[in-house]
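Each chain carries a letter (A, B, C and D) given by its place in the written order, and its residues are counted from 1.
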Amino acid sequence: MKEECGVVGVLMHDADAQTKPASLQIYYALYALQHRGQESTGITVKCGKTVKSIKGMGLVPEVYAKEDLLKLKGNIGVGHVRYSTTGDSKIENCQPLMVNYKSGNVAIAHNGNLVNGHELRDELESEGRIFITNSDTEVIAHLLVKELLKHDPVQSIKAVMSRLKGSYSLALMIDDRLFAARDPLGFKPLCIGEISGGYVVASESVAIDTLNGKLTRDVKPGEVVEITDNGFESHQMFNEKNAAHCVFEYIYFARPDSIIDGQLVYKVREKIGRELAREHPVEADMVSPVPDSGITSAIGYSEESGIDYREGLMKNRYIGRTFILPGQAMRETAVRLKMNTISENLKDRKVILIDDSIVRGTTSRRIIEMVRNAGAKEIHARIGSPAIIAPCYLGIDMASRDELIAAKKPVEMVKDAIIADSLGYLSIDGLVKAIGIDRSELCLGCLTEIYPVEIPGEKCHRKQLKLNEFKNEN
Amino acid sequence: MKEECGVVGVLMHDADAQTKPASLQIYYALYALQHRGQESTGITVKCGKTVKSIKGMGLVPEVYAKEDLLKLKGNIGVGHVRYSTTGDSKIENCQPLMVNYKSGNVAIAHNGNLVNGHELRDELESEGRIFITNSDTEVIAHLLVKELLKHDPVQSIKAVMSRLKGSYSLALMIDDRLFAARDPLGFKPLCIGEISGGYVVASESVAIDTLNGKLTRDVKPGEVVEITDNGFESHQMFNEKNAAHCVFEYIYFARPDSIIDGQLVYKVREKIGRELAREHPVEADMVSPVPDSGITSAIGYSEESGIDYREGLMKNRYIGRTFILPGQAMRETAVRLKMNTISENLKDRKVILIDDSIVRGTTSRRIIEMVRNAGAKEIHARIGSPAIIAPCYLGIDMASRDELIAAKKPVEMVKDAIIADSLGYLSIDGLVKAIGIDRSELCLGCLTEIYPVEIPGEKCHRKQLKLNEFKNEN
Amino acid sequence: MKEECGVVGVLMHDADAQTKPASLQIYYALYALQHRGQESTGITVKCGKTVKSIKGMGLVPEVYAKEDLLKLKGNIGVGHVRYSTTGDSKIENCQPLMVNYKSGNVAIAHNGNLVNGHELRDELESEGRIFITNSDTEVIAHLLVKELLKHDPVQSIKAVMSRLKGSYSLALMIDDRLFAARDPLGFKPLCIGEISGGYVVASESVAIDTLNGKLTRDVKPGEVVEITDNGFESHQMFNEKNAAHCVFEYIYFARPDSIIDGQLVYKVREKIGRELAREHPVEADMVSPVPDSGITSAIGYSEESGIDYREGLMKNRYIGRTFILPGQAMRETAVRLKMNTISENLKDRKVILIDDSIVRGTTSRRIIEMVRNAGAKEIHARIGSPAIIAPCYLGIDMASRDELIAAKKPVEMVKDAIIADSLGYLSIDGLVKAIGIDRSELCLGCLTEIYPVEIPGEKCHRKQLKLNEFKNEN
Amino acid sequence: MKEECGVVGVLMHDADAQTKPASLQIYYALYALQHRGQESTGITVKCGKTVKSIKGMGLVPEVYAKEDLLKLKGNIGVGHVRYSTTGDSKIENCQPLMVNYKSGNVAIAHNGNLVNGHELRDELESEGRIFITNSDTEVIAHLLVKELLKHDPVQSIKAVMSRLKGSYSLALMIDDRLFAARDPLGFKPLCIGEISGGYVVASESVAIDTLNGKLTRDVKPGEVVEITDNGFESHQMFNEKNAAHCVFEYIYFARPDSIIDGQLVYKVREKIGRELAREHPVEADMVSPVPDSGITSAIGYSEESGIDYREGLMKNRYIGRTFILPGQAMRETAVRLKMNTISENLKDRKVILIDDSIVRGTTSRRIIEMVRNAGAKEIHARIGSPAIIAPCYLGIDMASRDELIAAKKPVEMVKDAIIADSLGYLSIDGLVKAIGIDRSELCLGCLTEIYPVEIPGEKCHRKQLKLNEFKNEN
């Protein structure tokens, strides 16, 4: 099941937990991570001997009632926000997943996608095991509990990691202990920080900011960090030669005010704009973003090119769950509800329109149509990412290969499809330069069709992780 | 976890399922079983290849929205209503429990209580298994799936039954097949019937009545019935010498219009009233029930004694979730909200007050106080069951031994505690006679302190089920 | 607009209002009156200088959240439960109606139906007045406020009463003062009582019982009672020669444990049963009620006739808002959901079936069919009211004349229509005797087609109220 | 009662109303106006003979369920979004206000604030009239209905307008006719436009854009426009020498993509930024907005000054109804939840921080503290409006005079209070220049303490509207 998610874990010193219980810190942190998943959310905390959860479908403010939240006392816990791309939006799939086992209980908050999830599930089912949810998280739970019968938590997590292929950033509560774990290639972000009265692990550093805390550092690929009363205890479990950080976190998924693997996302997007300006200059009257995702790159483009930055599209800040009746007129209204043109800014202008990416091309076409109807003379689409030519198997909801317009059409034809006067994609080199991380440390699968892990039917540019080796280590 | 529940399973012929999908039949049947559990409810149906569920906290009309329910197409399914006595009322515990396993999926609706539930859970956890809910149902699911890897469903159910000790009436959907199973002692009721277009299994025959169906018969103790397109296929798995039907289903739990193990509950309660009149006659002006549970017995008492039946207490039909502020005056209001006296009927009268049972004695005391305040000259409490002196381990929410007033006090002192002028409990012989089933076929544990299954710390009047023998059979 | 309603007003002594605010007492009282209206409810209280309300669609437990209710401090207030028969169920129509006027504010809770409501509304609209609700209550508010500019509250209420034709029982809060008012013919019930710490006015005495209070007396027809810190201050405004108490309050609308105009409703229904037995004896095996409305009369019939009382129909206590799909089978299920037969009690029996009334005849027919299908040999319908041959204009939701089966068919044909073996209606004399109030003091309009007030197109047996006389009094 | 609101009215040609009912168009238009009021919303439409409404507390997507909305057929209707600043947020105050009167009904959606609202209410109450809501809208309804008894709708609206003092932009449905009316000084915006199949009146042109329509023009001050099947019929009722358009609509209240009284709000804000740069230049490393309100002005400042535009603060797009526990740490979290600093962009920089206005100064102080903690070397606050020194009586929620920091302190002290290194307010001249409308046509009351209408205790720079003259006209 494809999921985009945000995870968080908090440990408070006992004294501080009285006035600032872990649950409340997690609640605020989840607000900061809401952009990573709006479908469901959950908080699980350890209250003395018992473990308590609140979970529900919807946004953070919809799921947590003050009265309920204040009942979740306790000093450690984990939280989750989730968006499922498979439509499998049932309450059972809502995380953290809390399971009871022989010696206690485990709560898991997971962001990522296992490429061998089905394989592992089959293996576990062959042992007569049962699955209540559809998520990879339950697979991890089964594997972890099997190890916990034999090993201590740290060794157990290591053993589980040796079985998993794909992306995973985990916040884990095992009995009274809190752990952060990141896959050996470091696909999805995960960082740790210090807050007044305790410590936090979170998908993005904005969660730490929100708690008035201080980002300590990213969790390293292949690292397990135990969060204790005395701070962070590191266990470097795997040492892959290269990481494979997801570039789309920088391009559009993460919040611009987050620092991921040392790079401020805002800065990356600004540089993307500058690179774009260098790679695809064009004479025009104004640079305008598709809000909100194109804003920072448009500022960068404007600065580099010297062409005025001016907003030509305005986003409606209040759009929630709207329903639209069938029919062409209504579909147009649907677009207008979300985004409106400022005709006076666009009329008779040559416009450079900056967007973060093109997936299917349909949204781009609708927006460009709208801009043209508003009177723009020329529309030059500049895209803050290279053409997406292959699907993501590691946790970003892209689309299948045959839905990806750039997988089927050359740039010139994409340009025609979206009715732009010109179209310029950022080059892969430009992207890598903007991110500021060596190309060998990035996952560029969706842009190159070559993936850092073996995926059946796809090319892989690295030696496969040797699972047997790991197994022998146990 | 102590639970009182109702279960139902429906199979419709394919042609009939178009207009009368299984989900809808289950929905109506659950209405008829609502008295067996008001805390949560769920329906799980097989829709082609997929299995879909609706579950939620609350009453049947609160949980199922028409729109959602109509999306549950398909011809077989199971349903559940649940009341938990342990306050563990989280959505995860809501049944049916649907699990995926190697070859498909299993949905289980369970009514009963395993006395070896913890033991089995420990055993399964020792194998590294995980538990997401607190219920015995998940224990059953684990055991069943282990067997399903080796055996066909029928043999698998048998093998599981050989491991379970305690009470269980199950509606089971294993892949495309529907089963009913009842524990070897037949503690909790379970019956099968025919409806227009299909077949049904349910906790009580009223569910079949509600579907305009015809009760075929009770599921026999130790029997597994497969419900197929051609009707019922019986597999008598265990042949205990004697059954152990729960007497409290007759005394107060089941609906009076249900027929359980061949006995109409209404008839039993009427006879209880007649027996009471014979055992504890008293000169009085009127016989009056504590509504609703005492009504039928009061009618029986009146007929046998020739003393006028007259209502002295009126129940408020509209009481839902009320909140009451602390304080004595408010507690009295709480009682008055539920039940009011008809003073004119009670004033200066000698009243025989019929109730079904006395558990803690506090409610009885409050009611008798109210009746006395309304002007009754004498109040003679007559109770439609023997004194409850021990807890139930098999699925009825009684109270712990030290909460049971009759476990601590002789009848004379109970009389004083509830401020009655006289108190008469039905004798065990009287109860058995009223039920019309041989004493050896009934569970009288809470009345005798001797149980039909081994319970640690309690006496058992039967040879223990030899688990090893069963094991060898596999 | 046709409405059935319940009203309540509470005044607490200042000291007692701290721990037992008026709002809470009203809340509990409304629970006791819930049978009088389940569509919407409201509470309005005076909290110091301001007036606060909680209103909503639904049942009492659904509308009032503890947190909100506890915010309604203050020592006087009024409350309302409402059922509209016109489908005009919008929140604006929810009572009490609270209006601001020149010198303060007025909150009105109204039970009844004005026969000149439209006339008065026209008159007020001709003055340029506006109406926000559809209810007669707003008409009363306009009239009252006009008078309050000129007169004190007591005189104002009198002046308003002189304009109103029809039924009305009012609980009124005018600024800081609380009043009860009943129309000159006393159609709808209204009574006053004392509770610990204060006083109460309510539609039925069960509301007073629920507050552990003591019924003082009924409000007299044409009386206005001011409820003050010192008790009740009576103002007898009108002295009609005869009252016109609604007989259907006794027959089915009121709770059996209420005392209305001096008569215990339970007693009346029991006597109705005895009268029926005398008027329409028949040889049979059992007397059985249609629950719940026929229960008390069936007990009376059984006692008078000596024929055994036995329940043949069982009501489902948990039926809420159910939805039923179209189709014959489903309609049958709809009936079964609400009521089930106890076949064993009915099979091969001659059954006397007691119901309170027959309106359209369709429900009776369905029930009798069900009883017959359960095996009854003969079914003798005995009805606890005379044939309803005309509509009610005074506040009971009957049906229009052409829907009333008895308005169109003689008894013999009604018998055939409901497929009974025999049918006996109570005579008007029998009803009057059972109620125990002189025939001249009762409204029998729906049974005789002759009404106690002038209604366009209907006969009236009394001299019309001379409105001009009243007007001159002002 | 102080209210900020948005209004809309739609008339569809009968043929088009079948597929595009007025209700649906109003629903989408209200989405576009959601920023004008988030507390409650309502839609009232004429469906044949009847008028139907949906109203509720909350946002547009929360109040309107698809199923309910689709039941509102019909070709004309009005809608409203509302935010009350007085905390009087009860459902009764939710608009449109629909009232019945002698010849039909009137639905009113109102944006504005009457300065003689209390006076008029007193006058109406002295006539014995009653008020159910607290809003000025009910005052207007009373006045209108009085006139409608004597005059046609157009004359009636004129007569009412002659009585009203203050701001009002109205969408009115009188029986089958739809009207727009704007006060003689044109305080609040109101415009009309054409859509496919019909016509629309709305508070802002973005509502017309959202319906894929075309802005026709603003409703003129003192104009009443009837919207008919044939388009717009203008009635210029009053010809004040000068208008008094609210400047705060441009400064912060309206959406930037709206055109109000001929001026594109985006353009005005951009020019505000340019003016600010000219009036208050300062050497700095970057210009940064307080999002979202300062964004456009910051872009303008950047362009004019040549200093780089860079985001230093990031707004959380997902913040809804959050609860915050008491305590200093938690208050900081509350700010962080809404807005986060991008430290890397701010560190060691001299920052020009652009905000739209300063009201109490507390928010500005918190934001500047946050920016300073993020490492900014200097912070130069530049405010896109002059100092607010007096309250607004015309419909913008400012604060009372003693809450306004600039009413109590000179600029230098405000600078200290918000801990800025320098502070520059836009001059009134600069603002007027940016807006592009002559100063004599603007309301600058809150900036000058001199108001365009007489307000008790405040100065007025114009001859009072002579109400008597208007009265004679009737």
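Basically, a contact is a pair of C-beta atoms (placed from the backbone, for glycine too) under 8 Å apart; a residue touches a chain by one contact, two chains touch by 3 or more.
Which protein is which chain? UniProt says A, B, C, D = Amidophosphoribosyltransferase.
In this text the structure is predicted, and so the values were computed from the model without any measurement.
Participant: If I average the CA coordinates per chain, which chain comes out farthest from chain C?
Facilitator: It is A whose centre lies farthest from that of chain C.
Participant: Rounded to the nearest whole Å, what is the centre-to-centre distance of chain A and chain C, using the mean of the C-alpha atoms as each centre?
Facilitator: 61
Participant: Can you check how far apart chain A and chain D are, centre to centre, with Cα atoms defining each centre and the answer in Å?
Facilitator: So the centroids are 37 Å from each other.
Participant: Any chance you could list the residues of chain B touching two or more other chains?
Facilitator: If we look for residues of chain B contacting two or more partner chains, we find none.
Participant: All pairs of touching chains, please: list them by chain label.
Facilitator: A-B, A-D, B-C, C-D
Participant: Which part of chain B faces chain C closely enough to touch in the complex?
Facilitator: By the definition above, chain B touches chain C via 19-20, 24, 28, 31-32, 34-35, 38, 59-62, 66, 196, 206, 209-212, 255-257, 259, 264, 266-267, 270, 292, 295-296, 299, 302-303, 308-311, 314, 316-323, 325, 327, 329-330, 332-333, 336-337, 340-342, 344-345.
Participant: Could you please specify the touching residues of chain D with respect to chain C in the complex?
Facilitator: My answer: residues 53, 55, 90-92, 97-102, 106, 122, 125-126, 128-132, 134, 141-142, 145-146, 148-149.
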